[in-house]
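Note that the chains take the letters A, B, C, D and E in the order they are written out, and that residue 1 is the start of every chain.
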Amino acid sequence: MRILWFVLSPLMALAVGLFFLGLSRRFMARIQWRVGPPLYQPLIDILRQFTQKSVSHGPLFDLGVVLSLASSFIVVLFMPLGGTAPLSSSGGLLAVLYLMLLGPLGIALSGGEAANPNVSIGISRKLILAVGYEVPFLMIVLALMTYYGTISIGEIVAAQRESASAIASFPLVFSGIAYLLILPAMLGVRPFEVVGAAQEISSGPAAEYGGPYLALATIQHGLTMFIGISLFVNLLWGGASNPVVFFLKMLVVFAFGFWVNAAFPRLRVEQAVRYLWRWPTLIAFVGLILVATIGR
Amino acid sequence: MTNPLGTRLDATFKGVELRSGVDGRLAVVVPREAIVPVLTFLKEDGYDYLQLISCVDWIDRGEFELVYLLSFYTEDEVGRDGGKQEVLLKATVPREQASAPTATGVFAIAEPHEREIHELYGIHFEGHPRLTPLFLDRDYEIPPFRKDFDTKQYVADVFDRVPPIDEEG
Amino acid sequence: MSLGLLLIVAFGGSLLTYLLGKVSARTRDAFAVLISLALVVMVASLYGKAFRVPFYGGFLGMPLVLRIDGLSWLFAIAASVLGCLSVVFSLGYMKGKERTSFYYSMLLLVIAAMLGVVLSGDLLSLFIFWEIMSWSTFLLISYNGGPALAAGMKYFVMSFVGSLAMLAGVLTLHGSFGTLEFTGVAAGMSSASPGYVLAILVLFGVAFGTKNAIWPFHAWLPPAHSEAPSPFSAVLSGILIKMGVYGFLLLMFVIVGLRTFLSLGVGRIEFHTVLSIIGAITILLPTFIAIFQNDAKRLLAWSTVAQAGYIILGISFGTSLSVAGGMFHFLNHAVFKALLFMVVGAVEYRTNGVRDLDSLGGLIKRMPVTFIVAVIGVCGLIGVPLTNGFVSKWLIYKTLILERSPFLAFAALFGTWGTILYSYKFLHNIFLGQLPQRYEDMERAPFTMLLPMTILSVVVVLFGVLPGIPLAVIDTIGVSFGFESLHVTPWGIASDTGALNTVNMLVAALVGLVVVWCVFRSGARSVSVGQADSYAAGAAVPRDKYQYSVRFYAPLRRMMAPYLKDFVDSFYMRLAGWVRGLGDGLRRIYTGYVGDYVMYILVFLAVLIFVQIAWSPW
Amino acid sequence: MDRNQLMKWIKAPTKMAHKYSLNAVYFCTGCGVIEVPPTITSRWDAERFGVVPTATARQANLFLITGYVSVKTLRAIIRTYEQMPEPKYTVGFGSCTINGGMYWDSYNTINQLDKYIPIDGYIAGCMPRPEAIFVAVTHLWTLIDKDMADGYKRYRKNYAAYRANQEMILGEMEWPPIFQTEVATAITEREG
Amino acid sequence: MRELELYFGPQHLGMVGNFSITLKVEGDRILEATANPGYLHRGFEKLMEGRSWIKNFPMVCRINLVDPDHMEMIYAMGVEKLAGIEVPERAQFVRSIYLELARVSSHLFGLWAYANMLGFDTVSNWAMYHRDLVLDLFEELTGGRVYHIYVWPGGVRRDFPEGFTDRMVSTLHSIGGCVPDYDTTFFNNKLFSERARGVGVVSREEALAMGGVGQVIRATGMKYDVRKVDPYAAYDRVPWEVHTRDDGDAYSRICVVRDEMIESVHMIFNLIDAMPEGDVYNRVPNPLKWKIPAGEAYVRCESSRGELGLYLVSDGGEKPHRVHFRTPSYAHGLAILEKTLVGANIADVGNIMMSMYVVAPEIDR
């Protein structure tokens, strides 16, 4: 069974991630009084990019983007997607926290070799934004781990199945709200779309990517969405007993996290960080204090 | 000319020639050297808005005519009828060794205008901070806005001479 | 293998190196390498042994004792290996510099003194070796003169304060128990009053904390690290300041004892919690100061302060996992920080001493191997999975979370995010981006530099994939302290509340990388282009002017700068008048001749003896 | 999707992907660009057909050269075109790219764009309406289907001639030739 | 210390039009900005010297693609002044309505560009859609979507077609009905105002010293509008207001644009009500052999971005001797923008530039 999930969960993440990408374009189009592209448009784009003959700036340029995508897939292996996680006993949520940063880091290393300041500015923004949302995010995750007394995602899911899901229980409801508030920043959608700001720094880290590189970066973007949302479903919404329910739950969270994309302009990076360090941090902090003092 | 401004200009500067204006403007012709002092005088007199610096190539007379259009910012709804006349300042520059003093010290906006005239007419502005190319990428032997620059000939000489790509070859 | 012989070889080697330098530079170099290698072999042969031998019969009526056990072996092997690598690295780095004989002999002296510190079995010999270590360190820090001298002076002053505190502690202990041997003192401590133990802890804590540069005694470290010669910075940051950690471990778990240590406190404030909080502060503040440094070595120096915070947090939290994590992190930090300092050294060597992060860039094109080892070192520093830093940090986090200290865990985890920021800045500003024209025909780093760096980077990955190797050693030390065993497996930790299995991760990573790589290669082949063919909005790339590295984190800096004043340092600087007066006076003493320095050391020891005799009532 | 389309997808997925994912490089070369925003926004919504603007040339495969090309712009156009990954398609927009149009006698605009870079198709008119852009896109689909949108191959094949023409107008260019001509010929022969 | 030179344009998503700014950057602050125009230079003024007076009409509108109608108007005004041609009263009204429609369309384009700069796709899509509705009106009136060539010396080409006013009013009403939507999503959006307030501040003194016009100085509280100061067409026949803001930042400028758009629509309604019956066209001599007496003229009007001037010299021949346009973006794009960008954040380049509504072809000509 575990071997099966080894193959199944990356595929599911790939499919759902690309579906989310297509859905987000469609979703935006409808708000903007447009028809929008077909849902499978990202697939066409990726196929097209794969067959384009791009340029490479060096071995690291290739390796970084591969590393980024591979690490995203590995993170997926830590997630129970309505079943058991293939890598459930390999470091738990702490390892996930670390592996999640390998994605941007791979892109950063790869983009660094391109010798393009737009890329560097994008990466600097990405890291700053990450410091912004990591403050509340770490508080949320720590509150969860302290509350349930484990660092394993599987056990957190199991514990929620026994009682209520975390977002419906008393001290953790704060963490849930804070997570929803930072979700757009983690997904990188507007108003937090400072990293790939096309009108400011020419799509930032992706500025030198074309062809297969861009395809991989696009897939990685889809997986980032998938991971951000599935973490919420697993940690705070009790996971699911089968992949279908899991997918439906993800869809709801996606809609919630994505509607702001259409309704706000892009912020400057320090404004974004200032926002993230204000309300979401405060709420997450309250949650953490409650968990640390009251406990289970 | 019974214009008070004109009288004062006449009294202050030598060689100032007043002409009947262009639709209500006071046209002042000054020698090349007096451009900056007269502009300074006019700016202190309330003409704080340099609308345009233009240049006309009178090839028959063998000279360029620099034209400074001066106006003033007003919130008055009938600014023109308030009694204040707008000024059109003219100075001539010979076509050979064309140069003129820069007005950037008086009006900041003169900078791009003079750069443009330098590029398109080849008039050198003494003391201009950056007379670098503004619009053009190629070097032209005759500055393109001079009347003796024939664009049709130029196009035939340069662009039309580029051969089409022989797809078979 | 006799411990005495080991020390004689170490100290004698140092002296002989200096003398050989008068004869021939090449012989001296070979001899220095040989000595340091011999030390490694000798220390390695002591693995698993535990015994004590009297070294010198009656120094003021007190026997000087040497001893070895798991703890001292761990530190001794780290010191000797790093020392050896640093000597090898120096071969290239010091080429063409002046006073090289002095440098090598001092470097070996520092190594010998460190070995003496960890091998000494009583507090008096510990103190003597400690002083030799401090003084020779000072001489090496101020080796370059100029700002280095000022940095050395700062180090000296703070070290002096630490030494005084330690001396007071030693004398107090002697007065109370009449012996300075560890076992004897430990026996006495178990029956002492808590207030007395606390006082001793604070006295020694000042000494060890100063050496280890924990907040608020860190002020000497950044200038000292950045001004010292790079190979010595590696030793300094990698192992020398970790002598403070050794001291803490010795004090807490050998002399005071685990149970006493954990129950110590005033009212509800527990001493070890206070120390943990100091550790957490030591993580957070320096990390965010490091982000905004422009000098590569100063950045690493601040990072050293921050990483020392992890170690202190780990060992003072006092659970079996956290102490193991702390000790493991000490080992890891020694490896990757030495590696990173060597990387800077190699860059400095090839660019004629440029280590300003704002003016480098693109060196990956010229120093690819150096870049690869730098990436590995940085990954270890961040704690990327499958490098050694991950395992030690994981141990610390896990125990912090499970012991319900989420705020300390937050500090540790958030510190890691800061680490990512400055690590990437370090990598990017040196190696990535556009290559300046003046470095376009630079050569690779020489072999004597690449070798130590490569060895260290292999260790980083090895300990990351198979953490069981060092953890087995550390576990036995932990057990000897009285902790329960960790259930170490070759690939991590087996536990009910979240296990660690690095081999699983390795397999997943390899499979993932291979699959993604295959997918990637199945796409259209790309064309290799140089750096000049880059997107520049339709224009050609401007040479030398297409690199974003100055004020890399400018938005963050604007937000955080007001809160990141190093107020501890400014506090010390308020004492500047006094310190400078003292420093000026001392500088006049330093004539630059080794003989004089040796004489000063002897004079100091004489003063020590006098003090001992004069205060004999204790 | 009708059966015909499905068969095409099965037979030549690459070609179909190129057809339905035309990402245009965003470069307002001339006044034709005024009709690009309406094309990509609500009224005409080119994203239905996969036509979206991209930020940099690296990510694009369609180059809409929207109108007259001054000498300064030509430099940027060549740079941008050469940075696009192959296969890439160019569409000349408006009469100015065909023969200079209204600016046939201007001293600063080149008259025939296809002397300098290969063009796969032209849209006539001044200003072409958004509908014309769609006609061009559908026409480009046909060309791709028939392998006739081969501008990038022609560029590689005749690179020496193109480069010579470019240097005639621009003088010395700041970047070296992107193809060694022999190499380019060899690649062309190998791939057919 | 390594300098960073960042190119903002021409091939840049943040650049509307073919224009380039070279930024010298330290961190994310701009130390020095150099405008680099000329990508669209066609030498219009030279080309017009080679074409007869009437043939220049198709030419002149192409100088500015977002607002070609004011270009036609200014040229027609110049020719009329030199040749001494009277314009019938009804034609003045028709011209005013036509120009105000053009202003609405141009401002909507500016709104598109500005919202696009901030990544606000939703609003930019709406604005572009509404602009298209206005373009439909133009198409019905003149036959062209973008370039209309409707204003003619001596009047306009043709009168309004049957029922055109009703359709125009209903279209404008439907756009006006969306103003509350724009307000809630855009102008009153807290994040938007955070992004735009205090950015790109141009003080009144700076603006006046560097020849600023239009929204740039109206956003500093200066009530300067050529339609009031030097009225032309039928602007002095109906009541209307000049809208100003006081802060001089990007937010004020874009709000001035919004207010002006609404004012224009009101003005159109007033003009329709006051419009007299009569001819819209006075005959001019045979345009192919038309000689205009020697002389010179400077005329000006208020285009959608500020004061637009034309200096026209005739030597008595069939062709103009010298044509020189004084375009609003010239001062804004070359002088004020360079000054304002110094010290700004690199994230705000497009923001500042499009709040001044710099249109590149106007600068290059």
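Here, a residue touches a chain if its C-beta (ideal position, glycine included) is under 8 Å from a C-beta of that chain, and two chains touch if they have at least 3 such contacts.
Quantities reported herein were computed from a predicted structural model and do not represent experimental measurements.
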Path length in steps (a step moves to a chain that is touched) from chain B to chain C: 2
Chain ID, smallest distance between chain and overall C-alpha centroids: A
Interface with the most contact pairs, given as the two chains involved: A-C
CA centroid of chain B to CA centroid of chain D, Å: 41
Whole-Å gap separating chain C and chain E, where each centre is the average of the chain's CA atoms: 66
Whole-Å separation of chain centres (CA-atom averages), chain C against chain D: 59
Geometric centre distance via CA averages, chain E-chain A, whole Å: 44
Interface hub residues of chain A, defined as touching at least two other chains: 32-34, 49, 51-55, 117-118, 121, 198, 202-203, 207-208, 211, 268-269
Multi-chain contact sites of chain E, meaning residues that touch two or more partners: 4, 10-13, 15, 25, 28, 38, 41, 43, 46-47, 50, 125-126, 129, 364
Multi-chain contact sites of chain C, meaning residues that touch two or more partners: 524, 533, 535-539, 546-549, 552, 555
Contact pairs between chains, per stated definition: A-C, A-D, A-E, B-D, B-E, C-D, C-E, D-E
Footprint of chain E on chain B - complex, ascending: 22-23, 25, 48-52, 54, 56-57, 67, 69, 73-80, 88, 107-109, 111-113, 133-137, 144-145, 149, 151-152
Touching residues on chain A, where the partner in the complex is chain C: 49-58, 60, 62, 65-67, 69-71, 73-74, 77, 86-87, 89-95, 97-99, 101-102, 105, 108-109, 112-118, 120-121, 123-125, 127-128, 130-131, 134-135, 138-139, 142-143, 145-146, 149-152, 155, 202, 207-208, 211-213, 215-216, 268-270, 273-274, 288, 291-292, 295
Touching residues (chain side chain E, partner chain D) in the complex: 10-13, 15-18, 38-43, 46-47, 50, 58-59, 62, 65-66, 109, 112, 124-126, 128-129, 131-132, 135, 144-147, 360-361, 364
Parts of chain C lying in touch with chain D, wherever the complex brings them together: 524, 532-533, 535-536, 538-540
Residues of chain D defined as touching chain B within the complex: 70-72, 75, 100, 104-108, 110-112, 114-116, 118, 154, 158, 161-162, 165, 168-171
